[in-house]
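For reference, the structure is listed below as structure tokens.
Going by the order they are written in, the chains are A, B and C; count residues from 1 in each one.
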Amino acid sequence: MFGNMLENVRKKRPLIHNITNYVTVNDCANIVLACGGSPIMADDEKEAAEITALCAGLNINIGTLNSRTVKAMLIAGKRANELDRPTVLDPVGAGASKLRTETALRLIEEVRFTVIRGNVSEIKTLALGGGSTKGVDADVADGITEENLDHMVGFVKAFAKKTGAVIAVTGKIDVVADSQKAYCIRNGHPMMSAVTGTGCQLSAMTAAFISANPEHPLTAAAAAVSAMGYAGETAYGRLTETDGNASYRNYIIDAVCNLTPQMLERGAKYEVR
Amino acid sequence: MFGNMLENVRKKRPLIHNITNYVTVNDCANIVLACGGSPIMADDEKEAAEITALCAGLNINIGTLNSRTVKAMLIAGKRANELDRPTVLDPVGAGASKLRTETALRLIEEVRFTVIRGNVSEIKTLALGGGSTKGVDADVADGITEENLDHMVGFVKAFAKKTGAVIAVTGKIDVVADSQKAYCIRNGHPMMSAVTGTGCQLSAMTAAFISANPEHPLTAAAAAVSAMGYAGETAYGRLTETDGNASYRNYIIDAVCNLTPQMLERGAKYEVR
Amino acid sequence: MFGNMLENVRKKRPLIHNITNYVTVNDCANIVLACGGSPIMADDEKEAAEITALCAGLNINIGTLNSRTVKAMLIAGKRANELDRPTVLDPVGAGASKLRTETALRLIEEVRFTVIRGNVSEIKTLALGGGSTKGVDADVADGITEENLDHMVGFVKAFAKKTGAVIAVTGKIDVVADSQKAYCIRNGHPMMSAVTGTGCQLSAMTAAFISANPEHPLTAAAAAVSAMGYAGETAYGRLTETDGNASYRNYIIDAVCNLTPQMLERGAKYEVR
């Protein structure tokens, strides 16, 4: 099933409009290419709607947002909705500042997102309209563990129901759910948190997956999450003694590039709750 | 001949002012260093003219443009013209949005460019004042092939004549021409299109080449195009089974870094039409 | 001593607010992670103060500055001062344009910096209120050599006294000094100048070091400078014949990632003057 999702990205080569932060944008572009999509970045309000219309899907990431780019995000999001294009929101750092929290909440209110992907702190902030965030990384206290997994699945499904979006919460265990069904995914490696922007990359890749599989947003999003985690595992296996987080960054994207539908099908570790 | 062009970059270490997109800017800086130049990025209108005056050449790239940076592009371009500094325009995504098409056309009207480098879609858009672009990658239908090469050479020469610029159209076959003479270059590897920004990198490197060889813009631009393609070939040869587009990205820049004038002289594959 | 400084970064994992240029920002984020810190980038005036308050320290870098981000720099710097958070200024390209020189001087006037780190040209520009800069790289004539080292130590101590900041001047020999004591550091490798942003990366890492060691800004800054240089040596030793500046860039960050307090203690090459 996940394999098919990847296969469709490779076949359809969806063009993805990204309005994303300048920290990790290059990696986002390269991972979209690695999975089989084609990226375009455009954050000016004068061209946002037009670029969205040209694309198969839209990825909005609020890291390094500013008043100029927030305008473009709203315009692009609304245009994508009009044209029924799949959309992803990555609420980077929601909870870390009023601007980020309010922008994320406003985006959710004014745009219908197909997928919202973040860490536990960010998603909790949006779901509860508050909460604490230690910068752009999840609070340790906020992690998903085997102990709180059932509770978190319920929480995620409820937020999915409220927003109408597939919610992808990533961490040690990832939960990807709509209101009915949750994939609990156990791919990935702890060292991924030592690479800046693995979350941003995943969001961009998710946009490619859901745009190539518009009928299956939940499965496509879960496939993207699993693919990213599996790439993190493969890449970790490749590390030599002198490699560190910079080489790991490259190896993760390389692993996505070399990932086949069969490998993903075999390597995906998940259960449905 | 191409070897001499590279040799001059290494000797003169030209400082290049880049007003470029934030997606591929780091790779642009590193490839300018790799070929022997020195990069400086500055996109504020308050310093654009001054930075241009400090530099040997200017590279303008309209990817992720916005109203603020467009102002800086115009100021820098005009200042470069006043001071007779070589200039490159990379019209990224011209044809993909009105803003990009109009900005590119306005830049060509108000600034005299030494070289304009783009893919077929972008150059066609500018030449014909329209055309379609699939994001930032060339339309397949727009490729240069052995079949349409003579036609394309004529088209490129005509646009070179109209603009007074050397035109570099890159794709499977690259055509670099002024109104009289066209280099048809067959270096490169298809996998280069799986790396974001190889075109942007080439434009930045072209600025270094023409700035170190101001008397020979056509040969210098052709040498840069050939050098980039040759680096793509060398880098491809270095790929292991687990390497993908992220490692390839690094290997291409590495290959430029290790490229000698002799290697370029030997490795360049071109004919003149 | 330097080992302890690194050890504290690894233990405390300080969150660092970076307002920095878009050229090297990804490398800055990854090197902060590599040394044990956690980066957040936020450059909008609406969130600057809030993000600073959330963080253990602040790194301001004026590469690719613009009027919007300069506002955020001033707000963040003042907030950091109010909260007694360690602050770093990297005056990239001071001397290259009026905007950069004036912004750097204004920042120094309105914000109390814990550390100011730059190359000789940049620091001279600030100290003398002028001077010449060849882009973002140090003028050759401005280098620190064995011959002028004593003179430079005096100059740096005087500027440290004037500003109240630890001054870190990096080049062939690095001088890190307060008004009383100077570390003359001989780590590093000439090839580091072929990688864009090794200076920016060092500034970001310095912010992590001084934030984890707020009682020892001089030693912490000197430790960061030595760590960066030592990583440059280790990374250089790892280069193969086909590697160039792009791989070197990755290897430097990797080396920081694998650096232990013991290795730094052993590898640091410095004298106190």
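Quick note on the criterion: a residue touches a chain if its C-beta (ideal position, glycine included) is under 8 Å from a C-beta of that chain, and two chains touch if they have at least 3 such contacts.
In this text the structure is predicted, and so the values were computed from the model without any measurement.
Chemist: Compare the two sides of the chain B and chain C interface and say whether they are made mostly of the same residue numbers, over half shared, or of different ones.
Modeler: different
Chemist: Can you report the angle of the rotation that maps chain A onto chain B, using C-alpha atoms only, to the nearest 5 degrees?
Modeler: Rounded to the nearest 5 degrees, it is 120.
Chemist: Suppose each chain is reduced to the average of its Cα coordinates; what separation in Å results between chain B and chain C?
Modeler: The computed centroid separation for chain B versus chain C comes out at 33 Å.
Chemist: In chain B, what residues contact two or more other chains?
Modeler: In chain B, the residues touching two or more other chains are 22, 26, 249-250.
Chemist: Taking the complex as given, what residues does chain C use to touch chain B?
Modeler: 21-24, 26-27, 63-67, 93, 96-100, 134-137, 194-197, 241-247, 249-250
Chemist: For a test of understanding, state which residues of chain C touch chain A in their complex under the given definition.
Modeler: Of all residues in chain C, those touching chain A are 15, 22, 25-26, 29-30, 33-34, 38-44, 46-47, 50-51, 54-55, 68, 234, 238, 249-258.
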